[in-house]
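After this come two complexes, each holding subunit A, first together with subunit B and then together with subunit C.
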Partner chain A sequence: MALINVKKKEVQIKIVYYGPGRGGKTTNLEYINETYQDRIKTQMVSLKTHDDRTLFFDFLPFDVGQIKGFDVTIQLYTVPGQVKYNATRKLVLRGVDGIVFVADVQKEQRKKNIESLNQLYENISTYNLDLFEMPLVMQYNKIDLKQANIPILSSQTLQKDLNSSLRAPAFEASALSGGNVILTLKKIISITLASIQDQLF
Partner chain B sequence: MYNQNQLDAIDDVIQTKLIAAGLDHVIFMDMGGNAIAKHDNGKSYLDSTAFAALAAGNYAAVDAMAKLVGESEFSLLFHKGKKLSIHFSKVTDDTLLISMFNKELSLGLVRLKVIDTIKEINQILLKG
Partner chain C sequence: MNSLTELKQAIDSMESRIEDIVVDSLQQQLSIIGEQSAGKTAVISVIRMMQAIGRYLGSRRDFADKDALPVLNSLAIALEKLVTGPDLKKEQINQTLSECIQNYKSLKHKIASQPLVTDVEIQDLKAVILAVDWEISEITLKTFDTVTSRMLTRLKSHKILHAYLMIMHSMGRYIASKKAMAHKDSLSFLRAVFENFERIVQMPDMPLKEKQEWIEKDIEAFYNFKREIFSSEENSTVSIDKPVPCDTPVPCDTPVPWDTIDTTEDEIIQPALSHVKTSSRQVVEDVVPLGPPSERSVAGQSGDAENITPALAGRKKRVPAPRDIMDDLFSGKESPADELLDAIHLASVQGPDQKRAMDMNEPTKEELQEEGIKNFTPHRMENEPIPEIGDRLDEFFNLDIPEGNPAPAVIEKDEPLEVVDDSVVSPADDTPMETIVPFQHEDESFEETMVEENPDEENIDEEISTQTRLNRVSSLVKSHDGLLEEQTAIDRDLSYLKTKWQDDSDKTMLVDIISCLLMKTYPPASTDSETVADETAADETAAPIPEQLDNHPAGFWGKIKSIFFKSK
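Now for the complex of A and B:
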C-alpha cells in the first residue's frame, strides 16, 4: 500500500517488475536508471549473484514531481526470477501498489511465462490482494530477437496465454535497446496513481 | 495512513529519546521499505531511501528464516561494525525502528532507549 505522509506531503509508491528468470526485469530498471539520471537521487541497489542473476531484488527510487501538493516518489523493485527464489519474491511483493509483468517472447519460454504469472497470482493473494484488481501492465520483452531469427511468440499468442482474462495494458518491448521501456513505466505509473487517488484526496 | 499529530509525536519521541541520547541515525519505517520518519544527528550522511529498502528486505528475510526453524520471530537484530552498529526492532506488525549508533554508545543503553521509544510509539499509534 502506498505510503502517504501528510506531514511531509510525500507519497511513496511501490512498483514491482515481476516475471520469469532472465526475462529482462533488471534490464528495464537499468535502462530507466540511465535515462532518468537527473531525477534519481540515489544509486540503483542490486542484490545479485556473481553471475549477475538477481538474488533478492533491484531497487531504484525516483521522483515524478508534485501531484496536488504531494511530492511523489516511485520506488521500482524487481524480483528474482529463478524458480527457487519464490520465498524472496513473496517478500519483495509486500506493500506493492502496481506490477509490471515482464514476459519473455522467446518460444521456448512460453510455459515459464504462464507459470510465473500463476505464481504471481498466488503470491499476492497471500497479502489479500487480487491480481485482477491490482494496477498491472504486461510487457512482452525481447521483441528485437525477431531480427536475429530466434523463434518468438506472437503478441496474439502472448495475449491469449497471459492476458485474455486480466485484460491489462500490454506493450511489446526491447529492454536492452530501451524500446517501449519508458512507455511501460509511464503506463504503470499513471494507472497506479489513479488507483491511489481515492486515498489521497 | 498516519495523521499529522501522530507524525509530530513520533518525530518528537525519536528526537528526545534516541537522537538526544547520542544515536547517529534513526529510521521509523514500514515493512514495505518506506521511511515514515528519518532523523539524524547532522554529523554524517546516509542514503536513507536505499537503506530503508535494504533494511526491509533484510528484516523480512530473517523473519522468514525464523519461521523456517519454528520461531515466531527473532526479536533482536543487530549488526556490529568497527565504528557503527545497527539495531533493528519491530514496532508493530507493519513497522520497524532502525537505530544506528557509534562505538561510544553501548548496545545495552541503546536497547533500553529503543524499548522505551517503541512503547511510546505504540501508544501514539493507538491514540490515533
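Now for the complex of A and C:
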C-alpha cells in the first residue's frame, strides 16, 4: 500500500520485480543503480548466494523529487526467483504497490514463466489483493539472446501465455544492456502514481 | 431437527442443479449431525456414506450418475429414522444400516463399471472426424471443435484421455487454420490418434503402464508431425522465429494459428491465470519492442542512447562487503530492507511460523494516523497519469547533459586548479591533453567517479599524463637555463615518471641521471625556496608562450645531449 504522509507531504510507493529465477530482476535494479547512481544517492542492498543468485531480495530506494508539492520516494525490490524461497517472496510482496513481472524469453523457460505468474497471483491473494487490479507491467527480458541464435519465445506467445487475461502494458527488454529497463520502470511508477493520484494530487 | 431439515433441503435443491454452495451445505450439516450423534455407530456409518456421495456429486456435478441423488435421498431418510426414531431395536437398526450399505455399494459398483467415455461420445467424435475427412468446411470444423472441447472439459481429470483429446483438438485447429492447405497427412494422423484413443476407452482393463506407453508414442508422433509440417512450410509460411510485429495487437481471445505459436509444448501448456478468470478489459496494449541499440530511446528521450553507458559494461565487479546477518538483527533499523530482513530471519519463514512473519512489523492504522500517514492500496485504472508525473519522471530519468554544463562529477569547485598547471610551456598547450588533471593531484571522489564511469579512461589519462610530463620536462629544460622556477614542477614530473617506469631499469636510471644533473644546476637551497617557487609559478601562468623555441640558447636538454653524443 502506498504510504502518504500528509503532514510532511511525502509519498512512498513500493515496486516489486517478480519473476522466475535467473530472469533478470536483479540485473534490472543493477542497471538502474549504475546508470543513475549520482541521482539515486542511496546504496543498493543485495544479498546473494555464492553462485550470484538472490538470497533474500534486492532493495533500491530513491527519491524522484516533488510532484505537486509531494516528495515521492520509490522503493524497488526484487524477490528471490528460486522455487524454494516462496515464503520470502510472499514477505517481500507485503505492502506492494506495483509489480514488474520479468519474464525470461528463452523457450526453455516458458513453463517457469507461467508457473511464476500463477504463483504471484496466489501470493498476492494472501494479502487480499487481486493481481488483475494491481498496477502491473510485463517485461519480456533477454530479447537480445535472439542475436546469439538462442531459441526465444515470440512476443505473441508470451502475450498469450502471460498477458492474455491480465492485459498489462508489456515491454521487450534487455536488462543486461539496459534496453527498455528505464521505460519499464517509468511505466510502472507512472501507473502506480496514477492509481492514487485522485487521493493525492 | 434443524440440521436434518437443512440436509433435506440441500438434497432437494440438488435435483435442479448441483452447486458448490449446496454441496458445502450438505457436508456441513452431515458434520453437525455426526458431532451430535457421537457414539452411535450406525448413524456415523450412514453419515460417512452420505459424505462420500456428496464428494462424488461435487466433483462430477451434472455428469454424475443419475442414481446418485436417489441413493443419497434414501440414505437421508434412513439417517432421519436412526436419529429421531424412538426406541429402535438393535435388529431394526442393523436392518436399516444393511439396506443403506447395499444401496451404497450397488451405486459404487455402477459408477466403477461405467466407461469413462460413453459409446455415444465415441460415436459423436468418430462422426465429426469422418465429416472433416469428407469435407473441410466451417460447419464440420466447428462441430469438431464443440465435441472435442466438451470432452476436454469432462475428462480433465483423466490425464491420458485428456492428452489424446488435446492432440486431436490441436489437429482440428491446425486444419481449421489451413483448411485445404493443411498437410496431406493431417487427416490420416488425426484418424490414427482417434483409433488409439478409442482402443484405450474400449479396453478398461488395459494396464496403466501400457496406456502410458501408448500416449507417449502418440505424443512423440505428434511432435514429429509438427516438425515435419514446419520444415515443409518453412519457406512458404510465417516462421515461428520470425519477429512478431509488435505493433499488431495480440488477439487474445481468438485461436492462435498453429504456425504462429511455438513448436514445442505449445498446446499442452495452459496460459498463466487461465484457471482464474479472463479480464474484462477491452484494451490490448502492444508489446513495446526493443529496437537496435542505435535506435533505442531510453527514458523516453530520443538521442539518449549514445550517452548511456551500458549497464555493467563499464563497471568493476564490486564485491559487497560481507554482512553479518545476526549482527543486523540487533542493530538499529535504518531502512525497510532491514526490517524485512529481520522478518525473514526471526520468523523462520520457510518453516511453520510463516503466518507470524506476515504479521510482523505491520503498523496499525491508528499508529499510521497518529503520524499523519494515510495508506492507499493502488488499483489499476484506466485513468491517465497527470502530466506532472510524466514530466517529473522524464526529468529524473533524463540522461541528456545540457551543452556548456558538463557533468557535475567532473567539475569540482574545490579542485586545486593550480595543478592543472597552466604554466606548461608547450606548443601543444591548447590541446585537450593539456587540460587533464595530473593523476596524483586529483581528489579521490573525482577519481572514483571517473573510474566507475569508464575504467579505460584511467589508462588514457595516465598515458596522456606521461606524454604531457615528458613534453613539459622537455620544454622546461629546453627553454630555461636556470630552471629555478620550474624546479618543483620538474621534480614532480620526474618523480611521476620514475614511479611509472619503475619496472624498466633503463628508464629509471635515465630519470635518476636527469635528476642528479638537475640538482647540480639548481642554486643553493634557501629556506623560502618553496614559497618563491610557488610565487613564480603563479606568475608563470601569465607568461607568454615562447614562439621560437629553437632560438633559445642551448639549455639543459642540450647539455644532456652533449653528454651522450659528445664523440660525434
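For the reader, a short list of remarks on this structure follows.
Heads up, the rule we're going with is that the second predicted complex is superposed on the first by the 200 of 201 C-alpha atoms of A that agree within 3 Å, B and C clash if a C-alpha of one lies under 4 Å from a C-alpha of the other, contacts with A are read in each partner's own complex, and residues count from 1 in each chain.
Note that in this section contacts are C-beta pairs under 8 Å (C-beta built on N, C-alpha and C of every residue); 3 or more make two chains touch, one makes a residue touch a chain.
Quick caveat, the model's predicted, so the values are computed rather than measured.
With the two structures aligned on subunit A, subunit B clashes with subunit C. Of the two partner chains placed by superposition, subunit B and subunit C are both touched by A:T88. Here subunit B and subunit C are compared by how many residues of subunit A each touches, and C touches more.
Once the two complexes are overlaid on the shared chain, A:K41 sits against subunit B while remaining clear of subunit C. Once the two complexes are laid over each other on the shared chain, residue contacts for A:S177 go to subunit C alone; subunit B is not touched.
By the touch criterion stated above, A:P61 is placed in contact with subunit B and with subunit C alike. Applying the stated contact rule after C-alpha superposition, one finds that A:V79 touches neither subunit B nor subunit C.
In the superposition on chain A, A:R110 contacts subunit C only, with no contact to subunit B. Once the two complexes are laid over each other on the shared chain, residue contacts for A:V6 go to subunit B and to subunit C alike.
Clashing C-alpha atoms between subunit C and subunit B turn up only in stretch 365-373, chosen from 131-139, 275-283 or 365-373, once the structures are aligned on chain A. Shared contact residues of subunit A with subunit B and subunit C: 1, 3-8, 14, 45, 47, 56-57, 59, 61, 75, 87-88, 91-92, 94, 199.
Those residues of subunit A that touch subunit B in the complex are listed here as 1, 3-8, 12, 14, 41-43, 45, 47, 56-57, 59, 61, 73, 75, 77, 87-88, 91-92, 94-96, 199. The touching residues of subunit C, counted against subunit A in their complex, run 240-241, 243-244, 246, 250, 252-253, 256, 260-262, 264-266, 269-279, 281, 283-290, 293, 296-300, 308-313, 315, 320, 323, 335-337, 340-341, 343-344, 349-350, 354, 357-358, 362, 368, 371-381, 383-386, 388-390, 392-397, 399, 408-409, 449, 452. Of all the residues in subunit B, the ones that touch subunit A in their complex are 1-4, 7-8, 11, 30-34, 36, 47, 49-50, 53-54, 56-57, 60-61, 64. On the side of subunit A, the complex with subunit C involves touching residues 1-8, 13-14, 27, 30-31, 34-39, 45-48, 56-57, 59, 61, 64-68, 72, 75, 84-85, 87-88, 90-92, 94, 97-98, 107, 110-111, 113-114, 117-118, 121, 126, 129, 131-136, 138, 140, 143-144, 146, 151, 153-183, 185-186, 189-201.
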